[in-house]
Amino acid sequence: MKKMTYAEAIRDGIRQEMKRDSAVYLCGEDVGKFGGCFGVTAGLVDEFPGRVLDTPITETAIIGSAVGAAAVGLRPVAEIMFVDFTGVCMDELFNQAVKMRYMFGGKAKVPLVLKTICGGGVAAAAQHSQCMEAWFTHIPGLKTVMPATPADAKGLMAAAIRDDNPVIYIEHKQLLGLGGDVPEGEYLVPLGKADIKRPGTDVTIVAWSWMVHRALAAAEALAKDGISAEVIDPRTLVPLDKDAILASLAKTHKLVIVHEAVRTSGFGGEIAAVAAEEGFDLLDAPIKRVTAPDTPVPFSPVLEKAFLPDEGKIIQAVKELF
Amino acid sequence: MQLAKENLLAFYQTMVTIRTFENKAAELFAAGKLPGFVHLYIGEEAVATGVCANLTAKDYITSTHRGHGHLIAKGGKVDLMMAELYGKATGYCKGKGGSMHIADVDLGILGANGIVGAGQPIAVGAAFACKYQQNGAIAVCFFGDGASNRGTFHEAMNLASIWKLPVVFVCENNMYGISNCQRDHMNICDISDRAAAYGVPGVTVDGNDVVAVFEAAAEGVKRARQGDGPSLIECKTWRWRGHFEGDPATYKNPEEQKTWLQKDPIPRLAQKIIELGHAGEADLANIADAVKAQVAAAVAFAESSPDPVPADVLTDVYAGQ
Amino acid sequence: MTTVGIVANPASGKDIRRLVAYGTVFDNLEKVNIVRRIILGLAAAGVDKVIYMPDYYGIVPRALEGLSSRDRPLFDTVPADIPLTCTQQDSAAAGAAMRASGAGCIVTLGGDGTNRMVAKGCGDIPLLPVSTGTNNVFPAMLEGTTAGLAAGVVARGLAGGEPVVRRTKKLLVVKDGAPADIALVDAVVLDGAFIGSRAIWDIEPIRQIVLTRCEPHAIGISAIGGQLAPIGPHDDRGLAIELGDAAAAVLAPIAPGVVVPVSYRGYRALAIGEHVPVASTPCVIALDGEREIEVRAGETASIRLTFDGPLVVDARAALTAAAAAGVFRLPAGSPAQT
């Protein structure tokens, strides 16, 4: 084990795979000399000459070219600086990357990682703070990965790169400096395997990305009030580890879903539907969702605080079930 | 440019194959045998033929919604294509793609595409892979006049230029983006003029003269293989049919249509072959008959092939499924 | 009524020499801009009417549309009444239409190829050729405004005669006994059977060259002759060169950025009226830089030097003559522009 930040762990995951496979390359805006907008890819340009490429500001061509390169045998890690910018390369992602295999009758594979970052809390306002994961989960053929800890960040990055499908790997700004133990050497976290971040018996809280930590803080506070909350981090939304969620529900019979994304058509709705369809008999209370409201992300720190789900809102939602 | 008899006869065979395939597709569509949309390449055969004659199976192409000609010229098999048009399990895409998504990655065909302009950055990526792997291959991107208005064109040209990638952009200017003629959808007449904005050489050639296309493409391909970067070749041509089968194309000027029909690339080449004494009319008729039989066999193959089974809807979404 | 013609070829400057060599990129927007300057020069020179070649891009209408209202000329600007074929035939037809409508001068924008076509139709209307093509020997690099002023004074008859307007030579290609086409600068016989992408950039298939002028400072085929026996546009002779493997060679700029050794078997001066037979068939004859004529096996062809090419305006001489005559000197009391 080695202490690392989330940012260092992402870099370590990329490094591990670039060392292992010369078909892996990294490209994106300012990922090279500048080391990435948040410093995540710092130094890789020197470690891997010719394999870390600064692109112009050209999201369409970043993902479009990554699709072409992946279809003919490379394994691009293509960065879109903020998830908010994926609108500019959406056709390349949802009509090209993910559909090639199906449209071509299974005769192509597109091992492409779209690396990007989401999330609020830094007063970056409405075009640099969003959580768009629900968009991506609605695209068959794509996998959606959202790590919450340094170890998961490394292992999921490595697994995403090795996957033969397009994967969107969404980091969170709030987590970049988070420290934690990360396995040294080759480390992979399989896609589609949830992690119980805190075991508990009275209520299941499903949360991902930054919200895992807010859920953990809430669980800590709830424990003092005698409520034992189990915090499940699916880690990947597609594929979704339904079994882990249902197994937890079998124990707690109560479900609270927390996500930073806005409420309507958020991925929480999907998890609630899974629970209702496949775990109806396990539930003994209504399902609760703690989410951002259906508004753009505001700029003012005061407004943004009101917008974001937090420990207090989670605690309140849980307590409404008891 | 010295073209041997074999080259010219190969051009002829390819162009006639495309024409025959497309005429058959039109007939089958009209008879209600083909589901979905079909966009035909009739009249533009010289472009795909002249360009692809410079490529090997290791080179890549990206195609368009009007892709049958590119596929045939790059070596695609007409029986698998026809079965795909029918939506059969034996088709190129097992019936999951249809006319607009036929691909043969092993032949370097990275797919027809239902999104106008989408092939441009994909070709750039394939060209990047060729350069990255130093495998000597190149990519060719076919696209139309309409697609040169897309943002993909701008981003693809720019990236290809700054990374000096081995890609040839081949613009098939057939003068129409669906119902809009070129003068209504752009304020320039030569799309090759756009190349200068990216520091890329751009040329315009007669897209109904297979030899002119071949010569220009040979130079673009040579440039790409030598590591000298991308080029843009605009081939002026004409879409004989409507945008899709069933479109009566009432927006076209009948006089213009008449003029262009007289520039049919196939008789132009045939006449040349005969003049040069490479073949007689009977020889060319034999080629055409053989092609006709091949296309008829493709139809028979398609019609006798099984449909996909309903369970197939769920396969091929993810690799390693 | 003083009329000036404008033939601006939208297709010049696009050919394959941008790919195989380093040919000038001349987009049509710049041609529009040059035409604006020409029009304003013509207006200042007192021209009454402009007749122009219509084209698919609309170079002249766009030029007019883009002029600021302050600069709009008061003269009529009308398209030549020709069927628009969007081929080089339009230039020849426009030249003929301008001749028929009594133009006093025709300003051409293009390369050698454009002028060759206009010359087929314009008869003895003097040409003022402005270079916007690729291999340009015939037209000069001229600023549009002064080209317009020069064309205006010639058309108005305020300057004329030698050295302002001079006769040039031409080459007449005769195929199976009948005149087939002309060239203003060079006719080149190549091995091969295809017109294809038209331009010439490779010396290897060239067998014979016939030149009206041999200019060491020119770009293109004329430069080869320039290295062997310089001949000016007004000298009463031309040159025939036979190429092929031989000990003798010169280095010549045959296309933009393409300076290559050219081996030749021999060359000889041509007298006016002399024929050069095409040595072997099948072959292709390129005229002023572009492959134009296919000569099939069994056909015969020859190239003849004549001294009845188009009249050409020397803009510098025209404006020098105009200055000497005080054409642009304003009467006392005229409002000075500030």
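In this document, chain identifiers A, B and C correspond to the written order of the chains, with residue numbering beginning at 1 in each.
Following the convention adopted for this analysis, a contact is a pair of C-beta atoms (placed from the backbone, for glycine too) under 8 Å apart; a residue touches a chain by one contact, two chains touch by 3 or more.
Note that the coordinates shown come from a computational prediction; the quantities given were computed from them, not determined experimentally.
Asks: If every chain is a node and every touching pair an edge, decide which shape results: line, ring, star, complete or other.
Replies: Topology of touching chains reads as a line.
Asks: Per-chain Cα mean versus the mean over all protein Cα atoms: which chain has them closest together?
Replies: The most central chain here turns out to be B.
Asks: Suppose each chain is reduced to the average of its Cα coordinates; what separation in Å results between chain A and chain B?
Replies: Centre-to-centre distance between chain A and chain B: 40 Å.
Asks: Counting only Cα atoms for the centres, state how far chain B is from chain C in Å.
Replies: 37
Asks: Measuring centre to centre with CA averages, how many angstrom lie between chain A and chain C?
Replies: Here chain A and chain C have centroids separated by 66 Å.
Asks: Quick check: in the complex, which residue numbers of chain B touch chain A?
Replies: 60, 62, 91-97, 101, 103-106, 110-111, 113-115, 118, 120-130, 132-133, 139, 151-152, 155-156, 158-159, 162-163, 315-320
Asks: Which residues, counting only chain A, touch chain B once they are in their complex?
Replies: Listed in rising order, the residues are 25, 50, 53, 55-56, 58, 60-61, 63-74, 76, 91-92, 95-96, 100-109, 111, 140-141, 143, 163-165.
Asks: Please give the residue numbers of chain C that touch chain B in the complex, ascending.
Replies: 10-11, 14-20, 25, 27-29, 56-57, 191-198, 202, 205, 282, 296-297
Asks: For the complex, which residues does chain B have touching chain C?
Replies: 1-3, 183, 188-190, 192-193, 196, 201-206, 209, 211-212, 214-216, 219-220, 223, 231, 233, 272, 275-277
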